[in-house]
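Each of the two complexes below includes subunit A, the first together with subunit B, the second together with subunit C.
On to the complex of A and B.
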């Protein structure tokens, strides 16, 4: 019942709600980023991060540091937080947190399959996988040569199995098919996640509904952008769009028919919230689109903490932490490659 | 209509147990006549219930509902406070105030219950041997104590909830920004004043009531 979560929410989830808000206050602020941007070497970055939540994770790293080491340690912090919270979570919060990680699982599956296609070593690939999206049988993914085998041998035991029913085909795995598979899976996942949040009801359904429809619309936009000029037909493109979101269904019709950036733009601008985003972009600045969308997402994620007694804060914390790790990676790369002039292009400030 | 007249006339004449079974029979009759509520029967029923029943029910609801509200508020505040205190331990001692506010709600209930229970004095009230009814003063006192009890009980239940939810937000926001604590505390104080309104009205309602019989003539 909407508005009455306040009475029941804390029975099971009050403690973790407090914990995740505590973690949120450990996210880096603009002042921290300004300090990081002044760094000259990776050791400086480590020194600057010592005072933050990442301190204990980076403390014992010997010099010389690498960008990947810093990013790995930062990811480890997120994974530790997440696993501790997951271990304490009661149902249905536990299921919700699992749902949050299915996206990483899809990415990992695609990563391994693509890597195997290019004959890379499985162990090397496993190290690159996102630890949040690991499952037991992930190493055996490499043996599959077609999607049907992939499903039958490995994925049938994972939570992703239901999402495969839509995308199952006997075709061989090649670059194009894998990309389509990723997007079909992601579509099914988002639909399922949105339905799950609606079932939870109340403030969770409301806040997650907003976040997920933004996610779905952003994916629709990216699919359209990336499929311009490829052999993907309109109908195929349309099949990859999620069945909800602000663009569903009329915007999807227009996006499916769009042939260039301006047509996409006019399709998106019919939604008032996206109109505001697109007015920030001058004409012809399509490469800035990603950053603007990230900024919008971060703004929405930060807003979820303004409301109490709902699950979206867990999702938001994970996303914000990931964005922060991307920021740190960007700063570290810029410092390592002596490209400090571009350092501000890639940072999405959280607060 | 004729039948109802007859019943009304007959009621005082018989002993209570016999009357009750007869009235129950007529209750079925009333339903078969399409009359959903048999007012005669209800009036009869309430006249037969002892005022001590209502007095004790009111007292127990006053203390029971208040304590349920207080407990509810304490767990809402307490679980958030525990979670938030992991990262910011300084908030624990300050936010104990929220817990104390919730606790006060239980104390209101206990106080009112004690006041109500002192309204029952010896010698005990007995039925009139002629009519089989309780004296009107005793009935009034019973209902007054009952009304006082539920006023206090329900108002303290929602007051406890209100203070608990605000207290939980106070703990979480204090953890993020220490300057917010005092501001939210003001909200919390107004919330806890709600319970006092119930207590005041409860005491006024029960103020006149005295559930006391007269000594039998020697």
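On to the complex of A and C.
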């Protein structure tokens, strides 16, 4: 599996590899989180964050702080880091980094499309878009009046075009439930991303393979869990699962047929890595599942930094930062809403 | 000006005033009863409002936190939810309650069941459960809100009604009834006065008549000499009806 990346990796990507590993050391540690948890007000949180990488972004915020402001500034930090790295990236790292953001791009396209169908203001919608998933022609999405036009005029030029043309027909675009559309696109995206990583080969393929199959399996699990009791049929459910991952294909059959949490559980437990996750849960505790899965994901993402000469660190860095922002949001909300008893329920410690 | 109605003190007016007084007393009793009923209800509502508000605080907190949980698990999902709404799934129905003749608006939450099925798929890929949980939490909050709105409106309406009723009760109690009583007393006084005058006048007339009759008798006696029947007989002869004077009523 290991090729001779060590020979040429640093020629093109050595600088950015260094940069991203530097950013990694800027992620908040358990000690930082402990300090944040002691905060009594949002201003305290700001003060605590001043000593971290987020400092410059929060420094000029006027005092009545809101959780959303903090989260926005933190996201800004991630986006700036990401764009800086993207601008310096050589191929194929650049393409890899683009792939990492397609997920956000799908969310943005879905957001704008639904917004347009309900005749909302484009600028208002653009503000709500995830800045990581921006592309040049995104504002023109709102021009199209029907879904067919939308595809013909705008989407065809975006990297998302193949996902649309592969998995959705024009009628689907008009009638399909927006959540199903989003998940269909996401499935196509994950399949494509996995194929791309396999093409890259080497350590990237191996590490990303693991990460993406976990992502795919987690999605399958979530879709199953969330579609119990809805009108989504088994076949439709089956169509939303990605075509790879540890559960593919046998686990998917079982998941598609599952009717309650215990059936899902028994389907998942047939995979040894997931068995370990589920043993952490008591029976009937589906609420904690999200956190356990987040923890598992973070563990896997952190492990990627242990390997050399591969691109997964960029993906891992983005995901870890996002988790960190979620943590900060959780802490800030708990502090703002005076619910500090629950503060530990949402924090996933990175290191 | 003295505290009474301006009127002519006659028996008819007196009867009228007495009728008005009974009316006023009865009305006062009724209004008093109404005010009591309203106040009772008012107190009940006040108690309920306090309860509901406290509960509201708890529910809203739970809702806000459920929203945080949902955001944590599902990311920014607000726009998706907003855009998938076609018609309201909760509507408020207004009805009217009747408390002692006061019409009080009452609101009721009605589930239309619209866009329920669409909502179930929100956050399908991640965090759907939390979104549903958040939805439920806010549903209870909405229910409480509607209840609270209903109570608050009832509170205001009742407050207004109680104020007017109390004003009326007080007006009857302190102005109308005393005034009527004064008027009645005045009329009675006037009537008695009139009666005494009348009596006095009759007495005067009688005395006058008797004086005239005596003089007549004396003159006759002087002209004709004493009559065998005596003065009394002569008087009877000449002035029939002195004993039954037509003017004397009693």
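Basically, the second predicted complex is superposed on the first by the 317 of 351 C-alpha atoms of A that agree within 3 Å, B and C clash if a C-alpha of one lies under 4 Å from a C-alpha of the other, contacts with A are read in each partner's own complex, and residues count from 1 in each chain.
Methods note: contacts are C-beta pairs under 8 Å (C-beta built on N, C-alpha and C of every residue); 3 or more make two chains touch, one makes a residue touch a chain.
Quick caveat, the model's predicted, so the values are computed rather than measured.
Asker: Tell me the contact category for A:339 with respect to subunit B and subunit C: first, second, both or neither.
Answerer: The answer is second: A:339 touches subunit C but not subunit B.
Asker: With both complexes superposed on chain A, which partner does A:17 reach: first (subunit B), second (subunit C), both or neither?
Answerer: After superposing on A, A:17 lies in contact with subunit B but is clear of subunit C.
Asker: I'd like to know which partner A:117 touches here: subunit B for first, subunit C for second, both or neither.
Answerer: Only subunit C is touched by A:117; subunit B is not.
Asker: Would you sort A:185 into first (subunit B), second (subunit C), both or neither based on which partner it touches?
Answerer: neither
Asker: Using the touch definition from the top, say if A:330 reaches subunit B (first), subunit C (second), both or neither.
Answerer: Touch partner of A:330: subunit C, not subunit B.
Asker: Please indicate which partner A:205 is in contact with in the superposed arrangement: first for subunit B, second for subunit C, both, or neither.
Answerer: neither
Asker: May I ask you to decide whether A:85 touches subunit B, subunit C, both, or neither, giving the answer as first, second, both or neither?
Answerer: Neither subunit B nor subunit C is touched by A:85.
Asker: Who contacts more of subunit A, subunit B or subunit C?
Answerer: Higher number of touched subunit A residues: C.
Asker: Looking at the overlay, what does A:226 touch: subunit B (first), subunit C (second), both, or neither?
Answerer: In the superposition, A:226 touches subunit C alone.
Asker: Applying the document's contact rule, which stretches of subunit A touch subunit B when the two form their complex?
Answerer: 6-7, 10-11, 14-23, 25-26, 308
Asker: Residue numbers of subunit B touching subunit A in their complex, please.
Answerer: 72, 75-76, 78-88, 161, 165, 168-169, 171-172, 175-176
Asker: Quick check on the complex: what are the subunit C residues that touch subunit A?
Answerer: Going through subunit C, the ones touching subunit A are 61, 64-65, 68-69, 71-73, 75-76, 79-80, 82-84, 117-118, 120-130.
Asker: For the complex, which residues does subunit A have touching subunit C?
Answerer: The contact residues of subunit A facing subunit C are 107, 110-111, 114-115, 117-118, 120, 125, 128, 130, 177-180, 182-183, 186, 219, 222-223, 225-227, 229-232, 240, 286-287, 290, 326, 329-330, 333-334, 337, 339, 342, 346.
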